[in-house]
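There are two complexes below, and they share subunit A, which is joined by subunit B in the first and by subunit C in the second.
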Partner chain A sequence: MTTKFQAALDSVTRVRGVRGAMLVAGDDGLVVAESLMEGIRGNAVAALAASLAKRFRRASETAAYGLPQFIHLQASQGLLLAALAPSGMLLVVVAEADINVGLARLEMLRAGEAVA
Partner chain B sequence: MTDDVRALSAELARDPGSLVFVALGEALRVRGQLDAAAKVALAGLEHHPNLADGHDLYARIVADAGDVERAADEWSIVLALDPRHAGAHKGLGFASFQRGDLDAALEHLELALAADPTDQSVVQALHTVRRAAQHATSQPAAVASVERPAVFAGLEGADRGLLLVDPQGRVLAGGLRAQGGPDVAEEVAAYLAGVSQEAERSARLLDLGEWRWIMAEGEHGHLHLSAPSPSALLLLARDKSIPSGRLAILAARAAEMARRWLEAQTL
Partner chain C sequence: MTQTRAVEPWTLEPLQRFVAESAARLALLTTTSGQVIAQHGFTRAVDVMSAAALGAAIAASTSEIIRMLQEPAFRVLAHQGQRHGIFLARFGTPRGAMLALVVYGGDSSIGLVQLFFEQFARDLAAACPAPEPARPVLAADFERDLNESLAALFGR
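Right, the complex of A and B next:
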């Protein structure tokens, strides 16, 4: 199981500019698997991404837009991406600000399918 | 600085990884020094990210500061770490009551009482919520009709998919309707309260610089959130037929209109 998770994360971290990827239990923000560059605090990333996802879920469901499948937080020096895997886990990525988001999104959705 | 705060601060200075941050943060919170308490709690959580009492402390601090939704998120984290945490159930009971979700409030308060049957404040809170629940079932819901400023006139979806909100979750302008028609502006605005702080906190802890915007792709539509000024959040909502790239362009145009309107309000 760990190998399957790790292979999925590796496919995402190969995208140029990705500094780390992790699988997070969507409801509680606990780390299931991670592949992070040194200096990135996995637990903090997981908790923050889960919290953001939860907040947006409430807004999105109230607006009848359904569950958020993909979240993109853009900041001046980097970005945080989160994709909801069919299993209910969140695939979270921390990356450089100028990354090819389209490619990262594609790989994240594929990785999400792979760990379903 | 009182003696206990001084002693706890000294102990924490000697050992920044000490669990004494919980007692120090609580002492500062009780004294109303919320900024200092939040700093202590966040620094402590960096050392102990899985400490339920640390997240509970931070939740109580942000609740005292008026951000109940953010506090609820923290209490949810506490329950993930410790499902029987009385403080978290009590806090979520309070947050649910604030949101008007009386069923959830009752459930959490009953779990809080089961975890700590001696807590009289929970008994009192349960009494209040049960009374409110009885009252709610005997009164038909009132429907309010609200006139809001036409800040986004000329933009597509100005009154049903563009919402300007203040940091406390109150609607400033615009409107938001769920697919099918009902006005959900007030409810969504409340959920968005604190998102900017959450985004700022995320960006800071991850060394990402200043946050610019957040986009969420839902099953049936997209949400785009930005901060046209430090005192306002702008939500753009569109169905899935609008590509995410175009959403960003629309959001930039709406943000410019919002900025002009906000500036005019301060003149």
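Right, the complex of A and C next:
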């Protein structure tokens, strides 16, 4: 199981500009598996990304748009991407600002299906 | 309106910050023997006293199991219920070990509570004044101290 998670994360971290990828328990905000560059606080990113996803979900459901599939947070010095995997886990990516978001999104959705 | 109150004033600001950041619904800071130091969200004294006694008892019994397993000291215990989660942690300060009992709802998570708790424990250790010399415990002082603590915790 761990190998499956790691393989899924590796496919995402191979995208140029990705600094780290994590599988996070959506409700708990705890790290299930991670592949991060040095200096990234995995537990902090996981907890905050899960909290963000929860709030987006509430907003999206209130607006009757259903579950959010993909979250893209663009900051001045980087990106935070999150995709909801069919298993209920959250795939979270920390990346540089100039990353190819389309490619990262594709790999994240594939990885999410692989860990379902 | 829920309020944060403290018997030991130096714990107030770190606790307020922790509660705001972690979105905790209830928080209770006690000594390892269950003496209340600060609280957030409780409205009745009896609830605070019960929670403090139960938290200290859980920490004590878990510590004993940990000792039997020859593991390092008790640190964290978490329970995830349907609507609420409970987080109980032991941490060190210059005034000795303390317990934090935190109850959170669906607007927070164990990851979030754990994350901000680490900072909370560091803030408390930094804010903690030097230990006072031990005083003899007198029956008259005990009742006065208890009443003062209740007044500080509930503003009565």
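Basically, the second predicted complex is superposed on the first by the 116 of 116 C-alpha atoms of A that agree within 3 Å, B and C clash if a C-alpha of one lies under 4 Å from a C-alpha of the other, contacts with A are read in each partner's own complex, and residues count from 1 in each chain.
By definition in this document, a contact is a pair of C-beta atoms (placed from the backbone, for glycine too) under 8 Å apart; a residue touches a chain by one contact, two chains touch by 3 or more.
All figures in this text were calculated on a predicted structure; none of them were measured in a lab.
Partners subunit B and subunit C, once the complexes are superposed on subunit A, run into each other and clash.
By the document's definition of touching, of the two partners only subunit B reaches A:A59; subunit C does not. In the overlay built on the shared chain, the residue A:V94 is in contact with subunit B alone; subunit C does not reach it. Within the superposed three-chain model, A:H72 lies in touch with subunit B and out of touch with subunit C [touch as defined at top].
Once the two complexes are laid over each other on the shared chain, residue contacts for A:G29 go to subunit B and to subunit C alike.
Of the two partner chains placed around the shared chain by superposition, subunit B and subunit C are both touched by A:N43. In the superposition on chain A, contact of A:S51 is made with both subunit B and subunit C.
The interface of subunit A with subunit B overlaps its interface with subunit C at residues 25, 27-30, 43-44, 47-48, 50-51, 54. The residues of subunit A lying in touch with subunit B in their complex are 25, 27-30, 40-41, 43-45, 47-52, 54-56, 58-60, 62-80, 94, 97.
Against subunit C, in their complex, subunit A makes its touches with residues 24-25, 27-30, 43-44, 46-48, 50-51, 54. Residues of subunit B touching subunit A in their complex: 46, 49-50, 69, 73, 76-77, 79-81, 176, 178-180, 184, 187-188, 191-192, 194-195, 198-199, 201-203, 205-223, 235, 237, 239. Of all residues in subunit C, only 80, 106-112, 114-115 touch subunit A in the complex they form.
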